[in-house]
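Alright, structures below, take your time with them.
What follows is chain A paired twice: with chain B in the first complex and chain C in the second.
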Partner chain A sequence: MKFIINREEILTPLQQIVSVIEKRQTMPILSNVLIVIEDDQLILTGTDLEIQIIAKIDIKLATPGSITVPARKFLDICRLLPNGAEIKFEQHDDKVKILSNRSRFSLSCLPADNYPEFSESELENHFFINAGKLKKALDKTVFCMANQDVRYYLNGLLLNISNSKIKLVASDGHRLSIYEDSLDQGTGYEARIIFPRKAVLELSRLLDDADAELKIEFSSNNIRIFIKNLIFSAKLVDSKYPDFGKVFQQEFFNPIHIQKLVLKDALTRVAILSNEKFKGVTLDITPDSLRISTHNPEHDEAEEELIIEYAGEPLSIAFNAQYLLDAVANLDSELAVLTIASNSSSCFIDEPTECVYKFIVMPMRL
Partner chain B sequence: MTQEHHRKIIHIDMDAFFAAVEQRDCPAYRNRPIIVGGSPDARGVVATCSYEARRYGIHSAMPSARAYQLCPDAIFIKPRFDAYKEASVQIRKIFADYSELVEPLSLDEAYLDVSNASVLQGSATLIAKAVKEKIKQDVGLIASAGVSYNKFLAKLASDMDKPDGFYLITPQQGPEFAEKLSVSKFHGIGKVTAGKMQALGIKTGKDLRRLSLLSLQQHFGKSAAHYYHICRGIDHRPVNGNRTTKSVGVETTFQQDITSRQEILGYLQELLEKALQRAADKQLVAYTLTVKIKYHNFIQITRSRTLPYMITKADELLEELIKNTDIGKSSVRLLGITLSSLENKQTGIRFQQTDLFRDY
Partner chain C sequence: MTILPWQQQNWEHLCDYKSQNRVPQALLISGNKGLGKQHLANQFAFSLLCAAPQNNGLHCGHCDRCLLLNAQTHPDFIQIIPDEPGKSITIGQIRSLVTRLTLKPQFDSWRVVIVSPADLMNNAAANAFLKCLEEPTERTVIILITDKPACLPATIVSRCQKLAVVKPDKETVFAWLKERNADIIHSDVITLYGLAQGSPLLALEYANDGTLTLRNDCFKAWIDIAKQRKHPVIIAEDWYKLPESPLLFWITSWIVDMIKCFYPINADWLYNPDLKESLQELSQELELKELYKLYDLILVSRQRLNTQINKQTMFEEILIKWLELNLGK
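Moving on to the complex of A and B:
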């Protein structure tokens, strides 16, 4: 096998692939990238057995073949060669020579035959979505995913397709984010799948071209996403997502409108003196004021008062300040709208005009 | 901060504490080799043994079966922790009469900072002797006392003249004392570090003094500064009067190794409940759970998880923690549970985060 490629053509796909390859591997070949030349295409593959990324690059100067080489070393060589460098790649038995101008490298490699197959079931469903739209949907939800929760289904993202409606939900139990939008075409089916955390984060990094049109194929176990010259595949979480619908079926107090930046600054300042672990702050809401206060075990105290208009009963409720800040930071509007359930069991945060996402923060019990 | 040579620190260490309590409470045990700890026919170890037993070469942490081989006539006694605790409380009350700054290290050991004491002309020697005498009178037990100008030397001093000892290391003697000492006796130098030092030709404090701080750092990293100081008789650690509990741990060694996953989970659950009870007794709640597993071949592993909510009966968490272990395949001789990231219960409850999918 032999090929010549420009550094700029191979660098980005290689970086995208190496990012899914785990640093510590049980199988040595998994730290390698599979390189295949066939039909005038250079095909690069990397996997951690849960996620797989395949990149296809058109290539002229090549002789067919396949081999696996240590991914990180290969990436570092390509990365550190000068801009625009011509890279010559030649296989000699169990070695690969990489030549560029006056640089010469020889890498040990492993045969492609031993590279593990990424097992996929038949992918019966598919839909199309614009990369920009999916990226926004992910941005508005991923921050609420759990990390290493024993409730493993929370360490992921719920994707719900209902004909032409798409819904994404993420929650660590303490807060929840929900994104609802329409697809350009109806799908004619209803499906719910859970995308595991690592796959969501990896996918999000691949969506930098907002104009790209994506084809997404999935079954209950696997998903495959075509992103321009990339094919991203992932195994799905085999579980049912917990029911979160109840939180919407409650009575609510009147909404409170606050300047987003004013709220953010006040919360950040008060949080300085909150308990380091729990970050608890109390919100005392009256018709003309929102008082945010806290104290910590060292008996330090902080208080901020914001002027608001609120047409409901006075109420007092406590939250983890970080959760409120995360939600507020993810609003696109200047105004934040806080709507608290009448039994003080949850707080909704969204924008003053109809928007495609909503954040819910659960309070701390006082 | 007080100058190093201005401090007056006493280290009090009870002599063969558990065994001494037993001999005090049961005249038949007096002048006889007493071993408090696990039974020799199970897999117990010696917790404490009387000085009569020490003559046979028995020491704490030795397997009871080995102790039995060394001295078949020894009397093996199961620990009575309530009795030891009661004695410990009495002793601590005595400490409090002489110093406001007391740092208990365990049931039978404590540091007293008497730098600012006014009783007995503020003399650390007189106070140490008075404390020893009072313990003998009121509690009926023998203690050894070490007096010096820092914790490191005070602790070494209490060990110099055991049992019923008293030893003083003055600021003038401190550096020379540390020089002559074998590094294995230094605070913070365990078997591994001592071995590493041995390999570098460092046997005594004097050898250690020859190394610059920089070269110590190259070999020993973070601990270098501490070693650099203590081999010169310098130790700035304050006597900490309100040491907070950092973790609560319980463990058990099985008489026979166990393999069944279900059985192991059952034991872990029991240990967890015990640990939670101990934490609750101290008004604490925990956020980190660590499982310790020692396999039949003495290979030991730990698995740990910190939760965003307080740990309760976390049975599903236990299952999760033992997922990537050899449990079920390899038999186990010891299981342990440690709770850490402890918080005051009131604070924990005050900031109880509600959860969408969990009912409290």
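Moving on to the complex of A and C:
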């Protein structure tokens, strides 16, 4: 195998691939990057067995072949060569030579046959989506995902496709966020898959070009996303997502309308004196006024009063201030609508007009 | 890539699981050390993971999956062993396994986890494993291997299908050993069979690493103490550096054989048929009751092996007792 490539062409894809490769590996070969030359394309692959990124770069005058080389070392060599340097890559038996100007490197490598790539078979379902749209949906939901929860299905994001509707749901058991959007083309199927946490965070980092069109393929095992010259794959979580539909089927108090910014500022101020761990704040709601108050074990107290639009019985309920702030920060409208369940078991936060984004917080007992 | 001759029946049993589509979620393979349990488990795992297994159920050895298996990079073949030999399998290892199993297998066939030796899981690890062991995610088989099934918590055992690898008969072992090691002489084979308690792999290992010489040296020292030619403390100093578990078994076997020698006995019934005459000679000088006391001490010592006991003192105690026994006649 032999090829020559410009440093700038290989550097970015290589960095993207190395970002999934973990420093501590169970198998030595996983710290390597798989390099394949096939049909005038240079194909780089990196995986940690949970996610895999493949980058394809067009290349001319290359001899086909395949090999794996230590990823970090290869990246560092490419990175530290001068801008615009031509890199010559040659394989000699179990060694790889990298030459550029007067620099020469020789890397030991492992055979490509031993590399545990994801299988390349066709996946059952696919749809197309704009990268900006997906990125927005991810941004509005990912922060609700649980982290290392024993209920492992919560350490991920539910992706629900039903014909031309796409719905993303994340929850850590205390709060839940739902984002709905529509696809340009109907898909003609209904599917629910759980995308693991690590894959979601990595994917969100790769979606930097909002105009790109993504092709997403998935089966019950894997998901594969084509982002320009990259192919991102991930294993899915092996479980069913809990049924959260029941939370909608209950009685509610009348909705409360508040200016988003006013609520945000007031909450931030009051939260200063809340219990550091639980961030509990009490909301006393009376017609047209909301009193936010808190106190902490040091007997500090804070209180703030806001004007709201609400017609109904007075009520009192407590929340984690951080959860409310996260929700309010993700609203696009000026006005926030809070709807509290009549048994005080949950609070919905959404926008007055479009209901694409919904956030549900469980109250606290103070 | 073959099945050991004495495991043929176990293998057919496993193949039936596969052909009837009734592969259990957890399988406990038990049997003495040196019977090839790990080999059996590996063959079963390979056969489940291979893309095109042969007619007899064995893996093909040349498909993509088998290449990965041979290179030990198959993502759906997970082995859990202690981080250092002799240490326990920790809760951290089990937790990361459980996390790993929450994702789907990489390929569309099975995923196999082998925990070996399962009795080295500490309590916390075993408890953390229960939920996963009972209901692992789809297409996952967990194989536990142990030579001390009694050391496993009942909660683990009750969640597994059991498969016992049994000791083969003498002829099978003799034939197999001769096939593997053509230079071996027949009398050695018989001795090795006794030493390895009928476990062929262990016998082969003993044959190849010169254990027989070492054991003969130890027996000489044992006699030297009885005849008061050597001091027990000096011998204990040499012995505590040797692998203690086989050594303690040898001592046990000598004592057991000496007890047997009190009665008219056929050499075949002894652990050490080659030492029959020396043992008989020794036993004639001894009190049976005292010999049983020494036997009790050895049993206690064997239990203490896995604790932080000072091995030198342990051997001193045994050997001094042995000397006293010989003096007391």
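Here is the rule we go by: the second predicted complex is superposed on the first by the 353 of 366 C-alpha atoms of A that agree within 3 Å, B and C clash if a C-alpha of one lies under 4 Å from a C-alpha of the other, contacts with A are read in each partner's own complex, and residues count from 1 in each chain.
Keep this in mind: a contact is a pair of C-beta atoms (placed from the backbone, for glycine too) under 8 Å apart; a residue touches a chain by one contact, two chains touch by 3 or more.
Everything numeric in this text was worked out from a predicted model, so none of it was measured.
Overlay on chain A: chain B and chain C clash in the combined arrangement.
By the touch criterion stated above, A:Arg151 is placed in contact with chain B alone, chain C being left untouched.
When the two complexes are overlaid on their common chain A, residue A:Pro297 makes contact with chain B while staying clear of chain C. In the superposition on chain A, A:Pro363 contacts chain B only, with no contact to chain C. Contacts of A:Ala311 after superposition on the shared chain: neither chain B nor chain C is touched. Legend: residue contacts after superposition of the two complexes on their common chain; A:Pro196 is shown touching chain C, with no touch to chain B. Shared contact residues of chain A with chain B and chain C: 148.
Across the complex, chain B is touched by residues 148, 150-151, 154, 171-174, 176, 242, 244, 247, 275, 277-278, 280, 297, 318, 320, 345-346, 360, 362-366 of chain A. On chain B, the positions that touch chain A within their shared complex are 287, 305, 307-308, 314, 316-317, 320, 341, 343-344, 347, 349-358, 360. Residue ranges on chain A touching chain C, taken from their complex, read 27, 29-30, 49-50, 111, 113-116, 118-119, 121, 148, 152-153, 155, 196, 220-222, 235-239. In the complex of the two chains, the chain C residues touching chain A come out as 64, 67-68, 71-75, 99, 101-108, 137-138.
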